[in-house]
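These are the structures, in structure tokens.
Shared chain: chain A. Partners: chain B in the first complex, chain C in the second.
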Partner chain A sequence: MIIDITVNDQPKRLQARSGDRLVDVLRKELSLSSLFSDCLSGRCGRCFIFLDGRLAHSCLIPAFKAKGSTIVTYEALRETVEAREIIAALEKAQALPCAFCKTGKIMAIIDLLARNPLPAEEEILEQLEMVSCPCTDPVSLIAAVGIAAELRNKRKFNRADK
Partner chain B sequence: MRKDGSESLPLLSTLQFPGMLYASTIRSPAACAKAVNLAHGPLPAGYLCITPADIVAEGCSLLLSDDIFLFARDEVSYKGEPLGLIVGPDAAICDELAQSARADYEEEEPSLEWESFSSSQIAYRYEIDYGDVDLAFSKSANIEKAVYRNGIFDHHYSEPMGAIANWEYDKIAIYCASQWPSHVQQSVATAMKIAETDVVVKPTNLGKSLDGRLWFPSIVACQAAMAAKICGKPVKILYTREEDFLYTPKQARSAVTIRSASDEQGKLQALDVKLIINIGSYNPMAQELVRQAVAAITGIYFCPAMRLEAYAIKSNIIPLGAMGSIGATHAFFSIEAHMNHLAKILEKTPAELKILNMMPKGLSNFGAPPLSYEIPFSKIHRQLEKMSDYRRKYASYELVKKRDPGCREGVVRGIALTVGYQTGRSYSDQPMINTYSVQTTLDRNLNLVISTQASIGSDSLKAMWKSTAEAALSISGEKIHFAPPNTDTTLPCGPLTLSRGASIINRLIERTCRAIQKKRFRESLPIVVKTQTKVLANPKASSGQNQGFQIFDSASWCGTAVEIEIDRISGEPTPLAVWMVVDAGKIVSKELALSSLRSSIISALTLCTGADFDPDKGGRDQYLHDRGIRLQEIPAIGIEFIDSDKTTIAHGLGELPFITIPAAFYSALTQALGAEPRQLPLHGSEILRLLEAP
Partner chain C sequence: MRISEAYYPTTAAETVELLRINPDILILAGGTEIVGLQTSRVIEFPAQVVSIAKVQEFRKTIRTEQFIELGSCTTLTGLLGLSSGTLPQPLPEVIRSIANHAIRNIATIGGNLCSRNRFMDLWPLLACMDAQVELRSPSGARWASVSHLCGEDGAPFFPKATLLARIRIPLYSYNFIVYRKLGSTLYPGPETASFVCLANVEHGKIADFRLAFSGLKAFRLKDREMAISGRKTTSSSREIKNLIDEYKRSFSSQEWFDSRLFLSLLEEAFERLFS
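Entry: the complex of A and B
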């Protein structure tokens, strides 16, 4: 079947079989290397995309269901100021996610901060629970999200450094 | 390129080569069978089935060592053992074809029993006998005997196992995530009957491997190399997540029987130990696994006499091996559980009994020379008690338990302390496993390039090594780079394990930097310094009489306290807090050490609370339900380093949580339950049964 969708602001026409998962189609047809077809059960977070503005596991979405949707992947986000702030915050807090979950964690943090500019510890942990990679300790991750939130709020509300 | 200038290793799943084919493994449906023949229907154009006969016809070897076959040919030794490969241009079609392939075989009764075993199941046996054990038992006031069991655990690897083999000019290049690239190189050369110099291993991103990628990646690499040779094209094997869960090595299970003789106060007089480790169908590191467990069997305690029999036992299940510490976890858990048992019999607190038995200066175990220095056990113990408020909490939980024995109304909590150590000692007589090397180059642009196969390690490790080089040469971190850890550009090197490798490489980097410093303004650039070291294996490794050396040499010490709470409805134990006091010599970067320890503590807690893998029942259901500890369940973690400013030598610390946490968790569980389950892991239903037992 043919699926017309918008991926990273580009209209795309993808070829898929009826049982194909969205992650496999995006990876195969568009060579999007930030997406991994890994656990296929929605727990590793390595296939995160923004589907019509909402964070979603593309391994759990049948390809045909995405027809007409707008998809944003890490490829489009990595050069944004939000992603760069998060990467800087992760480095500053010595929270160094492994190469396998880094994009998933960044996507999850972008989503969290977009919804809640000052998330509590419980909310941070709940959000990052969606990327079940034990490579980074939660204390550093919480610190990193705190730093990223501060950077974002400073930029957004034009606050000067103390 | 990263901010620090180092290249991040690629992920195997993202690597592609022109014309690359994919291979899926055809697996045995039986656990034990003979006369295996592969049968498959007509294959689509462009697809090929590779059988053991094809490999032999190509002049390659199916045998890597005495009992390791790349593919089962005449005999199958576990369910899921590779029988052949389906190779083709589409990975999904290869998977479908591999699953529909049939094998004809004569099925036999699998040997699944391992605690009572036959002589044909023994893969390795080791004995120790020192002191007069019989005399000690005949005079002893207390003789106690118990069996302690550890289950099989899986580690969720960052990326499933896999390998790519690609012909690059006149050499075969292997891309795979292995802790030991030299082993991959040697194995591929052996299997293909070519020179080692004709094989180049280009490691891919390793992730957190917990010692589970020591030797198994070599087998997958050999299979990919065979397929590439037969097809004349690059071939990629990448297991699915489910395949990785079901058919790759897990942590071995163990049963340790301890009979102890102690005096009226509870001082150990003798131990009589039978240690059985189930290694599944095979494990090339069985000797190392058993010897590491034997070395740790006395824990931190002095024991004047001991008789020990230790076995690595084979059975018809997936290969089982090291995970998180090579064998030492089993031994520490058993001796600590036994000390708790003794404390209960003697009506003492576990902490009292443990302090009484700690190894003092001037004595030793295993017939080794007397200990010439004071081990900081007491200091660690005191600090840990203070940090965790152990005494008050222990006493109050005991009071609660006495007031409400079934814990029907009250809080079900327990707290325990364990003191342990990790060493970097090896027991293997393989020369390759003990050789570590580093080459450091200061080039004309004053960039420092460090070449070592160990740079497959994590970013935290590389950051530690970089700060060592920075301090030694006063060079800015941005000028320090790691060369790709390819086997053709780096010297042969031993494995990068949790307990070894990291600190040895750190010392070698320091040594090469100092050598460069001496030559810096005397010789023209570039200055190249190579260094190599051989970690001495136990000199009496094969004598079977005693360990012959001081097991505490070059050790890192730590004390761990764990506080747990049991859910009165579900019975599931939840860790509330973990405290660690660590003496690991010089701490190069405190932040990185803390981060690495916190991450290891979480993985070690998974060994206590996670589901144990049942190879007989293992299937998709178990895979889907296998979850590690949830981020929200991660307890408060407090870590303190002691005496890190009193030395210039850094020791490894990554294994410390794996050694001490299962023992401390179990001890806390016994306090909370008021019973001794004598096994780990322990789940809700069993805990509720113990809680409700009269």
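Entry: the complex of A and C
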């Protein structure tokens, strides 16, 4: 079947079978190499996309269901100021994730800060639990998200330096 | 692999017409349970499948003084996004305990109630809250209690060639709430179950007592609930023990869950209620 969707601001016409998962179609048809379909159950967080503005596991979405949707992947986000701030914060807190989970954790942090500019520790941990990889210790990750939130809020709300 | 036909109705009427043409058609809202429980790379669907997630009628929310009415395709995140105080307690807590944020972005309230394999997290609470569901089929529309989504054998029941259009939740508050979830938080398994106990306690007297426990099957004793409503919270320990024994006897005949776990939750709830 043919599925018309918008991916990273580009209208796309994808070919898929009824049982194909969205992650596989996006990887195969559009060569989006940030996406992996490891767990097929929403556990590993390596297939995160923004579907109509909301973070979603693309391995849990049948491709045909995405018809008419707007999808944003890490490929479009990595050059944004939000992603650059998060990477800088992860480096500063010495919490840079491994290659396995880096995109998933950055996507999860982008989503968290967009919903909540000042997340509590509990919320940070809950959000990052969606990416199951123990490469980074939770304390450093909390610190990194705190730094990223500072940078974001300073830029977005033109906040004065402390 | 079977190649299925996919349909994208834009109205509820079109969806019902599809059900009339093929009563076995699979209706998919979020699809997180159906897809998440399949471990193969390619998902198996029946010959025809309908995606209803974008039917506007199934996404509307109406609030009155007495109830909140939710379209069945309202996502769990959408429910949590309703303004603070809109949802009666402990509904927000129960929703937050379901899967993870990214799954809640896709999963819907209707899908949570329509599972054919087991009772998901919302059923026991909504059954205790006397929530109702609007069921639509080619023969018409009707409202039924959420409790009717449980068959006589205690297993989930959903009428054939029917779709769940809306859910109506009374905005009635309880001042005694016990909610416990047992087992996996991402996907429910045989070890997963939910325990709900609600009541209103005023001037040392219990009113509107409700208690439900569900997992692979559901357990609720409405006659016992009526017998407990009206009792004093200062009932003697012997009376409380008798109540627990009655529940214990009824539950021990059920073989779908470890009765010791149920009993410990029951004792905890009764200890708090009759303290």
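Everything that follows uses one rule, which is that the second predicted complex is superposed on the first by the 160 of 162 C-alpha atoms of A that agree within 3 Å, B and C clash if a C-alpha of one lies under 4 Å from a C-alpha of the other, contacts with A are read in each partner's own complex, and residues count from 1 in each chain.
Assume a residue touches a chain if its C-beta (ideal position, glycine included) is under 8 Å from a C-beta of that chain, and two chains touch if they have at least 3 such contacts.
What you see is a predicted model, and the numbers here were worked out from it, not measured in a lab.
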Practice task
Check the residue A:56 against both partner chains and state whether it touches chain B (first), chain C (second), both, or neither.
Solution key: second
Exercise for the section: State whether A:68 touches chain B only (first), chain C only (second), both chains, or neither. Expected result: second
Practice task
Could you look at A:33 and tell me whether it touches chain B, chain C, both or neither (first, second, both, neither)?
Solution key: first
Practice task
May I ask you to decide whether A:43 touches chain B, chain C, both, or neither, giving the answer as first, second, both or neither?
Solution key: both
Practice task
For A:137, select first, second, both or neither according to whether it touches chain B, chain C, the two together, or no partner.
Solution key: first
Problem - Contacts of A:96 with chain B and chain C, given as first, second, both or neither - result: first
Practice task
Check the residue A:120 against both partner chains and state whether it touches chain B (first), chain C (second), both, or neither.
Solution key: neither
Handout entry: Partner chain(s) touched by A:129 [first = chain B, second = chain C, both, neither]
Key = both
Practice task
Check whether A:1 is in contact with chain B, with chain C, with both or with neither, and answer first, second, both or neither.
Solution key: second
Practice task
Please write out, lowest number first, the residues of chain A touched by both chain B and chain C across the two complexes.
Solution key: 24, 40-41, 43, 126, 129
Handout entry: chain B-facing residues of chain A, complex
Key = 24, 33, 36, 38-41, 43-44, 91, 94-96, 98-101, 122, 125-126, 128-129, 132-140
Exercise for the section: Over in the complex, which chain C residues touch chain A? Could you list them? Expected result: 1-6, 8, 28, 31-32, 35-36, 38-39, 41-45, 49, 51, 53-54, 77, 99-103, 105-106, 186-187
Problem - Footprint of chain A on chain B - complex, ascending - result: 3, 8-9, 11, 13-14, 92, 156, 158-160, 205, 207-208, 241, 458-460, 591-592, 595, 598-599, 602-603, 606, 624, 627-628, 630-632, 634, 637
Problem - Touch list for chain A against partner chain C, complex - result: 1, 17-21, 24, 37, 40-43, 45, 48, 51, 54-57, 60-62, 64-65, 67-68, 111, 126-127, 129-130
